[in-house]
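In what follows, a single structure is set out as C-alpha cells and then discussed.
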C-alpha cells in the first residue's frame, strides 16, 4: 500500500524525524489557514511518482496566487492518479539535498540503506548511490557508518546518522516495503529535515499493523473498478489493453498464458489468477470480472488442476454460460477430475481443449475474427 | 528496585497476563469498596519476602472480619519492611499452582526461564525446578517448549506458553532483573492467572525506563535514613551492627577491609564505597554519613589512590576533623600524591598509616578501648 | 536427486489445519515418509494415522525427522521456522503464502547461521518423483527421470513437468523456490546441487519477471554449470509497476523485465523456450539419449 | 603474558569524554600503543596528540588497531561494543559501569558469535606490566614478573598487586574481569590462558561474594590447571541480600557466600589467603624461586 506524502511525513514526525511545518488543503479557500506566511510550496498529493515533472509542485508568492494555483492543482491527474489534496509548506533555504531510503534487498535477503549525497534524484539511474546492508537487530553505529560514507563529519554526521536510525526503526516497526526520504535536506542553519517522502506498507503485514486499519480503501482509488472489485475478494487482476480475457490458476501460469497469446498473434486483455484450490463460487466471480471488461471479445480459461478440481471449475463454467450464452469462451482444463469435467461441459455444449497451445491458438483465432458487440447477461 | 505485589500485577495485566480482580486499600473502611463479594484474601503489601509465613496473608469471610483483620495487617512490619497497603482479592478455586520466573543467569550470560509445576514454593530449595535459556530475540516456541517440559498438553499447554511469552516480553521491555509469578494458578475452569508476583527492576536501567520515573523514592522506604541519603548522592552504604565505621574506595577493597577488621578482632559498622576518583566534596559527604552512625566508635579510612588523588582525600579529611575534632579516626592512604597528602595531614595532627594491616589493627585497638560517647559537630 | 529421497523423514508443522491435514494425506498417499505432525496443543492426537506432537523438538527426539513442511498461517511462520531450526531440522519447506518479508528475512538469516536449508516461502514444495513429495505439488503429473527443475512458480511448473512427462522426460527432482522476493534457497545453490547430482543430466530453470536473480544465475551457469540448461521466463507481456500475483513478480524502475532475463540467458549460452511444450522439445534436443522409446 | 603486549594496537572509544581523555593520557604515558580515539562527530580532531576518528571501522582501516578500550556512557555501550565487533576488533575492554545487564547479555552473545574477546564491563582493565596497559589501572603499582592475576575487583587488585610488588613478585598480566553479574571473559578462560602462558608461573585469583563462579573455577583448577593458584575471597563479613557495591556482589537465597567459595577453593587444593599481604606470602611460598633478591 503506497501512502501519500502527507501521511508519510506524519509517520516520519511520529518517529522523531523533523519535517517542515505544513497545512493540507482540499479546497483553495483553505489556503488562508497557512500559519507560516508566504511564499509557499503547493504539492499535489497523488500516489503516482513523477509528480514534479508533471507540474504538480508550484510556488506561490502570496495568498492570491496560491489560491489560483490551488484551483488548477486540485484537479490534476498524474499518470492516472487523482489528486487527493494539496500539501502546503514554506519555501526553505536549502544548503544540501540527500537521498535516503530503507528497503528490502532481494539478493542479500535483508533490509538495506540506499543513500546518495545528491537529493531529489531518480535513484535508479544515479551513479552516486551507496547501499549498505542493515543487520538485525539494528544498532545506531550502522547509521553513523552510512553518514560517514555519505561524506559527513562533525555535528552533521551525528544528525544524519540519527535520521537514518529513526528511518530504519519506522521501517521495521511498521512493516514497510519502502521508507524513502527524497530529498532529505540540510538547511543553512544545519537543520536536517525530510522535505519529501514516500512510504510503501507491505500488503501482507496490514492485518497485524493496526495503525493502518481502514486505510486500504482510500489508497486504492487509482485502481480501476474491476481491479478494486478483485482486490476486495482476494483476486489478483491486472488490466491490459488487449481483447482476450484471461483467467488461469497460478501467477506463473497466467503470465505464461498471456505470453503465449501474444506469441500466437493475440492481445491479452488482463492478468487474472484465481489462485489454487478455488471453489465454484470464487471461479464464477472471477469469470464475471473478466466478462465485465467491455474490450473483451473472447475469454480464455486455462486451469491446470493440480490441487484445483477440474469438475468444480466446470460447474462454475456451466452456470456462467447459462447466464452469458453469447460469450465466446475457450476452455482448457487438465488435471484432477478432468474426465468428470469433460462430461459436465459436454452437456452444456462447451468443448474442452486439453492441450494448452491448441487452446491459446483457438482463442487468438476467435478474437481476431469476431465482430465487436457488447455481451450482456441473458435477459 | 523491588516492586510491591500490586504494582507487579498491574504490569502483568498491562502485558496481557490475567490477574485476579483486586482492590488496594490503605484504610480498613475502604474494604467496603470491594466489588467482587466475600470471602476475600487480604495481603500486606511489603517489599520483603516471606510475607505469608510472617502472617501477612489472611482470609476474611465477611466485611466485619475483613475490617478487623485490616486494622492489624496495615500496621504489620515484615523483616523491617513496613506495610504500604493491603491488596484484597476474591478467594479462587485453584486446581493447580505453578512457579514461573524470568531472570538473568550469570553462568550462561543470558535470560532464563525458571519454572516448576509446583507453585508457592521456595524456589531456591525445590528440586522440581526447570531452567531454560532464552534466546534473543525471543520467539514463542520457547514458551511452548517450557510449557511442554512442565508437563502440559492441549489447551493448557498453549495458555501456559502464552503466559511465559508475555512474562518474557515484560522482562525485556521493562529491563527487569526478575519477573516472577508465584504462584501462577490454574482454576477449575482452566483459566491461567497470576495470583502473586514479584518484579525487580534493574537499577541501572531506571534512567531509560520512563515508566518508573519517580518510583525510586517510595521504593526505598525500608532503607535506613543513612542508606537513603547515600543512595541519593550515588554512594553505596550498607549498615552493619559493629562499631568501626569504614570508608574505602572500591567495592572489593571495602569488603576486604571489613573482613580484615573482623579477622583482627573488631566489628565493622558499615560498608561504604566512595568509588573511584571521588573529589573532596563527595569524600566529605561520605565521611559525614559514616560519622552520623551513633554506634560508630572509630572511623577507618582506607584509600588506595590509584586514580583517586590522595591529596584530595587529605583535604577533605582536614575539613572533617576541624568539624569533628573528637572523632577517633584511623587513616590509611597510599598511592597517587601520597607525599603531599602526608604533609597536609601532618599539619592537622592526623597520622597517616601507609600499611593496611597496621591501620586495621590500630582501628580495632581503638574501637575496643574507647568508652562510648556521642560525637557531634564542634559547637 | 537432490534435497529429498525415499528415506527422508518428514514432519508437517500445522498438520491439524485444513490445508496441512489435506496435504499431509496427499503426501502420505504419494509415499512420502511422513513421520509426524506438529501442532501446539494437539499433541497426543493423530492426523490420517500420523501421530501429532506439541513441539518440533519433541518430534525430532521421538521420530528422527530431519525435514519439515510448514503450513501454519503467515504471522506464525517465523516462529514455526525458528522452532524447527532450533530443534535441528535440516531442511524446511515453507509453503505458507503472505508472510511479511521482514519476517522471512529474519528466518533466512537464522537458516544461514545454522547452516540449514530453506525452500520457500510461498512455494509449492519439492518432489523427487516416485520417492518423496513435500508440499502441495500434484504428484501424478511428475515422473522419475533425469531432468532437474528449479522454478519460481507453482502451476507453471506443473505445466512444464506435464510437457516433459508427456514427452517421456522424467524428472530427478523439482524444486519450487517460491514467488516471494525474499526467500530461502535460490537458483545458484540449487544449480550447483543439480550439477553435482549424478541422477541429473539436464536442468530446467523456470524464472519470471522481477528482481535480477535470473541474470545473476545466467552468469553463474556460464561459469560453473557443466550440464545443459533450458530456461523459460514468464511475464513477457506483463506491464511495468504491477505486481503479477507473486509478491516478487514486478517490474520496477525498469528492472526485472523478461527481455532482460531472456537476453541474459541467451548471452550465457542457455537455451530459452517460449512455451511449455518448447521446454520439452529443447530438453529432448539437448539430451536426446534421455527420451524414452 | 596474555591478551596484550607491547605490540598491541589500541583504540579508545569515547576518547573525547572526560574519563576517556584523561585515561587515554595515562595509558599513553604508560607506553601503551594508543593509535586512535573514536568519537562520532569528532573525527579529524586530536586527543593528547592521538588522532580521533568517527567510526571504529574507519579506525581499523586506517590504523590496524585490534583492541578497543570503551569509556562511553552506559546506554551507549552496547552500540559501541557491537560497532567494534562488526569492525573486526578482537579484544574489547569495556570499562563503563552501570550498563543494564540485558544490554551486556546481548553484547556477550555477539562476542561469542564473532569469536572475539570481551573483558568487563564495569572493570578496571588489563595490564601487562612494562608493556601495555588498557583501562584505568594505576600502572605505577604493578611490576613485570611471573604472577598472573585475575580479579573481579579494582582497588582490591591494586592492593594485592602492591603487596606482590612490595614482596618482589612482579606480574605477567593482571586482568580485572569486572564486578557485574553478566560479563565477558570469566575465570576459566583466563585460567587456561595463564596455564598455557610460558611467562606465568603462578596464578592469583581474587574473587568475591555473589554467584558461583569461584566454586566452578575451583573444580576447573583441580582438573585443568597445572600451575599453583592462590585464592582470595572478599566479603566474609557481608550480610545476605545486600548488594555490596558491585552489581554482582550479593548473597541471595543463601547462595554466593564467601564461606562456600573459600571451602570450594580449599577442597580443590587452592591456597586461600585472608589478607592482601598473605596473598604475597603464599605466592612466595608456592614459587620461592620467583622472589627477587
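Here the chain labels run A, B, C and D in written order, and each chain numbers its own residues starting at 1.
As a convention for this text, a contact is a pair of C-beta atoms (placed from the backbone, for glycine too) under 8 Å apart; a residue touches a chain by one contact, two chains touch by 3 or more.
Note that this is a predicted model, so its numbers are computed, not measured.
Between B-C and A-C, more C-beta contact pairs join the chains of A-C. Put simply, the chain farthest from subunit C by mean CA position is B. Here the CA centre of subunit C is 52 Å from the CA centre of subunit D. Rounded to whole angstrom units, the spacing between the C-alpha centres of subunit A and subunit B is 57. Computed from the mean C-alpha positions, the centre of subunit A lies at a distance of 27 Å from the centre of subunit C. Within subunit D, residues 106 each touch two or more of the remaining chains. Among all residues of subunit A, those that touch two or more other chains are 137.
Chain contact summary for the complex, subunit D toward subunit B: residues 74-75, 98-102, 104-106, 108-109, 136-138, 141, 151-159, 162, 179, 181-183, 206, 208-209, 211-213, 216, 232, 234-239, 242-249, 253-255, 258, 274-277.
Those residues of subunit C that touch subunit B in the shared complex are 40-44, 54-58, 78-80, 82-83, 86, 106. Every residue of subunit A that touches subunit C in the complex is listed here, in rising order: 104, 106-107, 109-111, 123-124, 136, 172, 175, 177, 202, 204-205, 207-208, 236, 238, 240, 248-256, 258-263, 268, 271, 273, 276, 304-307, 334-336, 356-357. Chain contact summary for the complex, subunit A toward subunit D: residues 135, 137, 139-141, 144-145, 148, 153-155, 157-158, 161.
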